[in-house]
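Next come two complexes built around chain A: one with chain B, the other with chain C.
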Partner chain A sequence: MADRILQYIVVLIASSAVIFILVRMNPADPVAVILGGRQTNPQTVANIRREFNLDKSYFEQYRAWIGGILRGDFGVSFRYRRPVTALVKDRVPVTAGIVIMSAVISVLVAIPTGIFAALKRNTWIDTGISLIQLLLVACPPFLTSILMIWAITAVAPTFPFVGSYDTFWQFLRRIFLPSLALSFSMIALTSRVTRSCMMDQLQANYRTVAVSKGLPPSAVIFRHCLKNAIIPVITVLGSQSGILIVGSVLVEKVFSLAGLGSVLIDAIKASDYPIVQGVTMLLVFVFMTISAILDIAYCVIDPRIRLT
Partner chain B sequence: MTSANDLISIRNLQVSLMSARGLVHAVRGIDLDVQRGEIHGVVGESGCGKTVTAKSIMRLYDENIMLSGGHIFFEGYDMFSLSEREIQALRGSEVSMIFQDPMTALNPLYTIGYQLEETLTNKGVKKMEAAARAVKLLEDVGVNPPESRKSQYPFEMSGGMLQRVMIAMAISCNPKLLIADEPTTSLDVTVQAQILDLLTRLRDGRYMSILMITHNFGIVAEICDRVSVMYAGGIVESGDVREIFRDPRHPYTSDLIKSIPRSGTRGTLLATIPGTPPDLLREINGCAYAPRCRYASGVCAEAPPPPRSISESHSYACVRGT
Partner chain C sequence: MPLAVSLLFLVGVIIIAVFAEKLATHDPNRLDVTHRLDAPSHEHPLGTDKTGRDIYSRLLHGSRITILSAFGVVLISALIGIPLGIAAGYFGGLADKVFMRMFDVILAFPSLLLAFVFVAAFGRGITNAVLALGIVYVPMLARLTRSLVLVEKNKAYVEAARSIGYSNAHIMMAEILPNCVDTLAVQMTLDIGYAVLDLASMSFLGLGVQPPTPDWGAMLEDGWIVMTSNPFVALAPGTMIVMTVVALNIFGDGVRSYLDPAQKKLPSIRKYRRPVRDLRK
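Right, the complex of A and B next:
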């Protein structure tokens, strides 16, 4: 356990350094962004550089940034001159909501269809499910989003996919469509993996034994086969969670939601170092938390992993 | 003809399986009786249809296996007329089975105690009683100490121990018939002997019948009362083990017996049977063994050999007279 935590710390430090370097490889000069095209003289430029520590060496800048993070201070946005935490705080629930909701939709749809396809393998039902999966994985989220908006306005014009929200319920309704659009490719992949893992497990020897003990088919399929098949599915879910976070940036734009995505993209374009660094570190942290949870899930499910 | 002492009677069983190359006629009309309390061996080469026959009894079919004809009577009831639900009730409680590879026969994610108790609770035994009976069963099959072994996972145990657990699971609901499909093939020789000894002991103590599927004639000689010799999906000879060992009538049986390694034959070549079994995709007109048979003549390839009985307890299928 201790070396796991050490591992996470090493990854955090390494990724912070990579982020720091990548941000500074952007050719756009932050000072130009801060000035916003106003008339200026060398004295103002020098002052701004001093104000935002841009006159110091890269090493000094990095140390100041990390030191700030450890105190919970992610710096001040160049463009808005407000703390990054304050700028980002309101936007986290939107992105988190979309990512969580689309993950839940994916799991609820993908695992049952995957099991069903495995049980009905090589029948027209299996083929039908495969075709739908192919279609879903081939559609990029922004395209499905647009098609969805088009379909919704035609079929149910009263469904709220734009505008503001006040209650939690309204919030959920508002993020439902973007989450659905985002979940499609994850549904396809997860369902596919569930199907193939389930098919392997249905052919395992212990399955024949479970049947020969007189267990009913439901116990054989869910208690025995599914528990074995789910381990690789969890791995896929974990790697897909990163794609979801990135994908939410797209659907937020299409559905005009104020999430982390638009902040991040605008900040990258403007070389607003503190925001880019802060948001990216947050994503790294979230991603690592997810993989830590998955590691624990493996141990709970599989006793063979527990010992090593 | 089924007699009252027959626990299970197989009549003209025909099973086919769908393979990538086409329909394989794996079992081609066999008759087999297992009497109450006996250990009945089914012996033959790999792919002769032994396992398919065994699985037919419990209807443990994959989707590519299909029954094409015949009947299996269990205590007089026609098994093939039972619904899936009825056969499920029979599995584990009346007929149970142990398998070739104990290392993969148990679910890796559950403790052996759980899997043992699950068999019992599934048949309506209360949880507390199932736990107590599981301990007793493990003790009976020689898994010691049963209490701590119960909480172990399959990967923490050896093949021999796992086969004992499998046997405990199979006998947990006191079945009348235990089908043992090559139960010792993947175990080393000393463990093999222990498992065979355990099976014989359980048969004696519980008066259950065992259908022993094996390719090893040595095992047949050691523990079986009667034996059916299978070749290419058919039974070529069957009867009392001692009688068959003393006086094998079918050339395949005698060739098999000759190919058992014996002590005191160091330095001499082990007898083998030349050739390979026939392709089961094709129709076989005459005697299936004719192409490999020393005594084959023209008549062998023309029509299937008629079954002959030389005594109440010994029959074979070969044109060669006595």
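Right, the complex of A and C next:
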């Protein structure tokens, strides 16, 4: 476990360096981005370079950036001349909400579906479920969102897709459809894994023992088989949570929500590095932390697993 | 049966991509403001988009860019990933450790997010999107290759090749690689599907194919907002994306179970009855 935590820290630092270096390979001149085409003189340029630490070496800049992040300061945006943290703060709940809600929907739908398919294996129900899975995996989240909006508009033209939200419940209602659209491909992946793991467990000897000693089927399935089948499913959820994080960028565009995605994409298009590197680092941090926590979690759930 | 249908569909898409000029009825980029968002008609089988361009022709031309760039992504990842994976698995030791740690860093990023950062570094456009995704796909393929090589390198034929005095390079490329190639080919088929999806996502965000070039993802980006006027602006490219990826998945899975002896059905007993009877005589 100590190895896993060490690996987590090392990879986190390495990925921050990768982000920092990549972003600086952009040929666009930061000063030009900051000035945004305004008239200038050498004095202003020198002032700007000092203000944004551009006169220091790359190593100094990197150290300043990391030091700032540890204090919760992600630097200052080139275009808006405002702290990235302030620009991004209001948008975190939307992205986090979509990711969490779609993860919850995925788990709630995928695991029962997977168990059901495994119990009904090689029947038309199982075939039908795997056909749907095949379609859902092939449908990128933005396409699902587009089709969803189109279909709902056709049925109920007055359905409110846009609009403000004040209370927490309104917020949840607003992000429900995007989360649902995002969860589809995750549902397909997770239920497929659940089905195959569950099928392995249903053929295990301990299941025959449990059935023959007279346990009710629900206890056999949920208390014995599911417990063993769930671990690979958790692994998949962890490694695929990246799909949800990036997918939220796609669905929020279609549902015109103000999340982190639109900030990131706009900043990429405008070469606004502080935002690009800040938001990317935040998303990578979240993704890596989820994977690390799940790795450690299933080590705790199942003592047979040793992390290497 | 599903395997045959998916293969037929994929061949069809490739033919469309090759002969797009011949099959298209209009210039995919010609604007026609008098025919904006026309419903499907005899002249425009799928109608026109918001600037009056023929959707059918754009769809055909788009297949070329979509398919070529998806192939490009997988080609790049294979050209880098497979040699790295073979070397890492075959030699082991320090090189192996260094490569695997490097891949850990790439895998620390959600895959599309790293591609976004690459695009931020090198600029928008289809070439950079293909390069970026190609690099992002390297670790998966390299890890798979490495795990295959780790099994193969302990087999007798490798020892035989070594005792004949073949060089390491020959053993890796001419002895071990051919024995891994079928599994890798299946994975690469599936990867083409993922590449189609990821490229479409990037084009949809405006980071991949730039307008007015026709591409399925870019067509969706261009069309989804006016979908209520002519649904085909988004339905046509969307359907093509989904069908292509489904076909690639079925094809890849089909080839995998065909190659996997454990999943092969035994031939029917009836086939052997006559020879056995003949033997008894």
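Everything that follows uses one rule, which is that the second predicted complex is superposed on the first by the 292 of 308 C-alpha atoms of A that agree within 3 Å, B and C clash if a C-alpha of one lies under 4 Å from a C-alpha of the other, contacts with A are read in each partner's own complex, and residues count from 1 in each chain.
We adopt the following convention: contacts are C-beta pairs under 8 Å (C-beta built on N, C-alpha and C of every residue); 3 or more make two chains touch, one makes a residue touch a chain.
Just so we're clear, the structure is a prediction, and the values are computed from it rather than from any experiment.
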So, on chain A, is it clash or fit between chain B and chain C? fit
After the superposition on A, what does A:Asn205 contact: first (chain B), second (chain C), both or neither? first
Given the touch rule stated above, what does A:Leu237 touch, chain B (first), chain C (second), both, or neither? neither
Answer with first, second, both or neither: which of chain B and chain C does A:Ile34 touch in the superposed model? neither
Contact-wise, after the overlay, does A:Met101 reach chain B, chain C, both or neither (first, second, both, neither)? neither
Where the C-alpha centre of chain A sits as vertex, the angle toward chain B and chain C in the overlay (nearest 10 degrees): 80
Is A:Leu215 in contact with chain B, with chain C, with both, or with neither (first, second, both, neither)? first
Could you figure out whether chain B or chain C reaches more residues of chain A? C
Using the touch definition from the top, say if A:Ala14 reaches chain B (first), chain C (second), both or neither. second
Shortest span in Å between Cα atoms of chain B and of chain C, once chain A is used as the common reference: 6
Could you give the residue numbers on chain A that contact chain B in one complex and chain C in the other? none
Any idea which chain A residues touch chain B in the complex? 203-206, 208-216, 219, 224, 227-228, 301-304
Note which residues of chain C are touching chain A in the complex, please. 101, 104-105, 108-113, 116-124, 193, 197, 200-201, 204-207, 220, 224, 227-228, 231, 234, 238, 241-243, 245-246, 249-250
Sort out for me which residues of chain A touch chain C in the complex. 7, 10-12, 14-15, 18-19, 22-27, 134-135, 137-143, 146-147, 149-150, 153, 241-243, 245-246, 249-250, 253-254, 264-265, 267-269, 271, 273, 276, 280, 283-284, 287-288
Residues of chain B touching chain A in their complex? 58, 60, 62, 88-93, 96-97, 99, 101, 104-109, 118-119, 122-123, 153, 155, 166, 169
